[in-house]
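Read from first to last, the chains carry the letters A, B, C, D, E and F; within each, the first residue is number 1.
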Amino acid sequence: MTRPSQRQPDQLRPVRITRGFTRHAEGSVLVEFGDTRVLCTASVEDSVPGFLRGKGQGWLTAEYGMLPRATHTRSAREAAKGKQSGRTQEIQRLIGRSLRAVVDLGALGERQITIDCDVLQADGGTRTAAITGACVAVRDALNKLLADGTLATDPMTDFVAAVSVGIHQGVPVLDLDYDEDSNCDTDMNVVMTGSGGLIEVQGTAEGTPFSRTELNALLDLADAGIRRLVELQKSALGG
Amino acid sequence: MTRPSQRQPDQLRPVRITRGFTRHAEGSVLVEFGDTRVLCTASVEDSVPGFLRGKGQGWLTAEYGMLPRATHTRSAREAAKGKQSGRTQEIQRLIGRSLRAVVDLGALGERQITIDCDVLQADGGTRTAAITGACVAVRDALNKLLADGTLATDPMTDFVAAVSVGIHQGVPVLDLDYDEDSNCDTDMNVVMTGSGGLIEVQGTAEGTPFSRTELNALLDLADAGIRRLVELQKSALGG
Amino acid sequence: MTRPSQRQPDQLRPVRITRGFTRHAEGSVLVEFGDTRVLCTASVEDSVPGFLRGKGQGWLTAEYGMLPRATHTRSAREAAKGKQSGRTQEIQRLIGRSLRAVVDLGALGERQITIDCDVLQADGGTRTAAITGACVAVRDALNKLLADGTLATDPMTDFVAAVSVGIHQGVPVLDLDYDEDSNCDTDMNVVMTGSGGLIEVQGTAEGTPFSRTELNALLDLADAGIRRLVELQKSALGG
Amino acid sequence: MTRPSQRQPDQLRPVRITRGFTRHAEGSVLVEFGDTRVLCTASVEDSVPGFLRGKGQGWLTAEYGMLPRATHTRSAREAAKGKQSGRTQEIQRLIGRSLRAVVDLGALGERQITIDCDVLQADGGTRTAAITGACVAVRDALNKLLADGTLATDPMTDFVAAVSVGIHQGVPVLDLDYDEDSNCDTDMNVVMTGSGGLIEVQGTAEGTPFSRTELNALLDLADAGIRRLVELQKSALGG
Amino acid sequence: MTRPSQRQPDQLRPVRITRGFTRHAEGSVLVEFGDTRVLCTASVEDSVPGFLRGKGQGWLTAEYGMLPRATHTRSAREAAKGKQSGRTQEIQRLIGRSLRAVVDLGALGERQITIDCDVLQADGGTRTAAITGACVAVRDALNKLLADGTLATDPMTDFVAAVSVGIHQGVPVLDLDYDEDSNCDTDMNVVMTGSGGLIEVQGTAEGTPFSRTELNALLDLADAGIRRLVELQKSALGG
Amino acid sequence: MTRPSQRQPDQLRPVRITRGFTRHAEGSVLVEFGDTRVLCTASVEDSVPGFLRGKGQGWLTAEYGMLPRATHTRSAREAAKGKQSGRTQEIQRLIGRSLRAVVDLGALGERQITIDCDVLQADGGTRTAAITGACVAVRDALNKLLADGTLATDPMTDFVAAVSVGIHQGVPVLDLDYDEDSNCDTDMNVVMTGSGGLIEVQGTAEGTPFSRTELNALLDLADAGIRRLVELQKSALGG
């Protein structure tokens, strides 16, 4: 089997993480997984949603969008349609949950971090790139709060990164691009911490159901890929 | 460890599947997982959405709702708010994908099956009960089309059922009710076919990340639970 | 003239009132008028809408919905369409007005009762069944508040019930089912108290206008029907 | 009892019907019931809604609106809020039904009449003024279609007018203005044809329930009032 | 060149300004530019939007609407469509800015003036008529606040009026009606104060671009037209 | 007077035009006016909106958006709010009109060009940067259609560019950044063709009205600035 992308089954696409991509946000990261490019910003506000007010803890939430021509053919602008699709909402809920898993909301105090992940160019794996980039953006935003004394202790407990895996012509492969994703029988997104704990596993059979053996092979691939992504996050942060 | 529900870790709640619960729909099933009660109807229409017109194949889609007072405290009616929540959309997309995995849309011909899953009473696990009940409702609807000669061959390729599993005080447990769900570290929904293939695996760490070992224990529990649910589906169908 | 339903002109459909149909709501009643089945819940909240805050009185409001496949052919889900139809709003306003007519909002104190009437199966007369069932659900909810000492005096001043009447092939008939409703020249919904006072009279000529004589015959029928419904409410409440 | 308006119990407010109030619409009537002023236009289009296409018959529908400052204090603009209230929808459905009762849709052919009733100034009874004015606007629009030969036979079968009645301090009174309406125990809108047939009767107890005797007194008042309104319609039309 | 309207190039349409057109609003003006008729009301409320609360200054905002049959063919009701068009929003923002330019919001105190401009009949130039009429409505509303002692000093610093100009068959013409507007190469709306200062200049090439020379000729025309409109405003106010 | 930006009154910010910024769109340009960065894509579709179908001509439209954290403080996502603001609609209508002024829609044939202008970072002048960048994106898209033979003749008749000008402390200045814009008395956006014709002039007094003399000085500045921008467009296109 040769992947459409010519990559090895366990090979990530070239990953680039550019910090400080825009200048207003407390954290602003352009993350690229091959041709997939997502701008992830982390914005800090000194207030929390109503349901948390006065409870002495913070909140972290995420929103996701795609520019209309991020895709091969133009897709309708959600702001013009007047609503976000089910897919958009599913992805932004996933990003929020993933980041909350590594941020101690009590230590954050009564402030909110809003992550915006906007896809400038899509070629598969936008949600996993988004989570991987958002982690760095949140890290940058928190570093500012620590540096200026707003926070005394770091609320971030670990790194978090994500990757997609799938079964292409019977072979488990890592980090699907759009062509591969469209031709996979099974598609799985995995989110893990820097220390190797699982945060989210979302596997879907697109045609034939998958077996426990296949699931395990996919998780092995994802595990190795995410470890590599966390190294890249650390390296982008200058560590 | 004792479960809040006093059940054994691998014990399902009492499951009841009542066919023909309402009389207009081609398939109408009330499914109960303990105190969770979901009305699942399957409606057949002789047309398909625009993107499939003229392609000689059918479609199956699902919608999900909760009556406002299905829950402990009243939740706002989505029709009155003017939009479906992200959670609702996520669930109805999951139900649709799960059922499409066992229906051959080509064999269905140019017709659409719409599944409506409406929660009359909620006590945890509404999406897994919905998938389990919807399978029987679709089976009933297709049986009508086969019986009246509309369809010559059965488009349904297998059964499908779903269950939730989670880690409660360190112990993997099956089929979480609301109290257990609120107190679990990890929560996973698993969808499988009657022949044991995996359709969906959606695991989420609510607090601490989970390990591969835990994941495997949860999948073992789910596998056994779903086998039992498929037996109950077959028995409800008189087989 | 024989009614499509074979009933006598002044004969109600079999009416069943099942209390405690679901377990979370303070009042939960399944009401059946023949094949019409409506789940009516009454939810009590310790706050009132903004326009009543601080005025020492309560509020009672109602919402109405139909499950998509309550009807012969599937109707679109209002939550998915993003708005409630004019018909839905008209009905829920009627239910709210009818119940407010027998509840002393001052005696209720600063709390709100929300009635949800959700049609599980429709066969004509859903709004009149809803009012009749909602009365019992509100009664149950208020009994709880009286029993636990939240309320010292009963805010409910009377029973309320409703029925439809119409002119079918020139003959006034009581409690129209869907077939009869579709074939009536005049259609009227009447809401009355247990002591026989009129709360609402809504008569509509569907084709030929109607006369005062016909109006009077219809009101006589409705009067008798509602008296019977109030007996059934009382009997369901164990009185 | 003296009415706040100093009128006799059976006395209408001064009614003015001004035809040709605006120049684009096929029928355009400003109707005034005292200080209540409603602009009613009838627009003819050569197409019908989808559900009637190809059936050789026409349609008539109505929309209703209030200018934000038609009322004592400014009410929010429905176009800005993004939805029409339940009250608005209830009224426009009533206007549509009332006019359809006197128009033979088959004789209209495949065209649609849209009535727009926009309240320029409100002082009670806007819906009854709207129906009364709309009848004249539709008459004018149909006269144009008859005059230019588009229609050979007149689809309008009768006049239609409407008035409100209520019980004020125990006395049945005709044509309530805003002050009277706010102080009535019972409020009823009656729609009748020129030949005295009833089209709609909508009576509501605002406080105490009403009796059959009161209902009859109110209908007597309405009957006389509507006969007078039809005379005024005819006179405005030059007959 | 002869204008479709037979007017001289620098001739306004007959302008009428009727004060007190409706009775509830603090200021209520019907303004007519030929067949264009706009009802402008100014409503005063004793509160300001959230972003100004406690800042000791007022706010003035405007909303704009067209009755569905104000136009040659019926246009859809924005309240029924559930949103205001881009055109509507553009116009109401322009009206608001224009009036705020002549009202000292500090001197207004913590109160809001809402201007509603509703087009009863459209024949071109609705936005310029609206601004011209709104100025008189605001003047009337403020006079009331001054007369009853609510305000001690007049917040209005000048008059404001507006007119459209365009190039019709090469000739600059003043105050375009609908026919002329549809046939102009360049269309410009100009808003000026009573003392001749420019508030807004919005010029658009509809086909061929325009030159600085043409722009100047158009501004000359507008300047003269607006001076005349301010005279008419003053005269309507009895000055 | 020294500008906050230290620039000369007639000095543009550094302008960069990067073609091919993303790879799916037929034209994709990142335009930067100093710290303002807008991604402009031109998408070509082989169909036109309903009102143009079968008329043998094309259409060009534009949509505009801002990423939530393009601004100093995060602004709410329009897709999440469910509607586009009046400002957004005003800007996208302006971009569309400006580009249509230099594209012969007849020569385009029955196809539509959709321009998407998404602001990645905002520092004043986003609409003028958007128009300037969109011109190059449309040029690239049309060049593709010409190169592959889809079009035989070039529908683009000229270049178009835009710039803002304003009066800062009494001095007319070119190309306002955010700080300058917030402190200007008068603010004007000017759109011109490559050959110097005016397409749009939109001038607004933010405080004191402006005079004809000031208007002329502003137009002189804009004229020179736009000539320079057109040179930069041509140079970016390799001419």
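The definition used in the following text is that contacts are C-beta pairs under 8 Å (C-beta built on N, C-alpha and C of every residue); 3 or more make two chains touch, one makes a residue touch a chain.
Per UniProt, the chains are A, B, C, D, E, F = Ribonuclease PH.
On a predicted model such as this, the values are computed, not experimentally measured, just so you know.
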Ordered by label, the neighbours common to chain C and chain D are none
In how few steps can one go from chain B to chain E if every step must land on a touching chain? 3
With chain centres set to the mean of the C-alpha atoms, which chain is at the far end from chain C? F
Superimpose the Cα atoms of chain A on the matching ones in chain F and note the rotation angle, 0 to 180, in steps of 5 degrees. 180
Averaged-CA centre spacing for the pair chain C and chain B, given as whole angstrom: 33
Taking the mean of the CA coordinates per chain, how far is chain C from chain E in Å? 50
Measuring from the mean C-alpha position of chain C to the mean C-alpha position of chain F, what distance in angstrom results? 59
Contacts with two or more other chains occur in chain C at residues 82-83
Residue set of chain A touching chain B in the complex reads 83, 86-87, 89-90, 92-93, 97, 101, 188, 192-193, 195, 197-205, 208-212, 215, 219
Chain B-touching residues of chain C, taken from the complex the two chains share: 22-25, 28, 35, 37, 39, 41, 43, 45, 63, 65, 67-74, 77-80, 82-84, 88, 114, 116, 118, 120-122
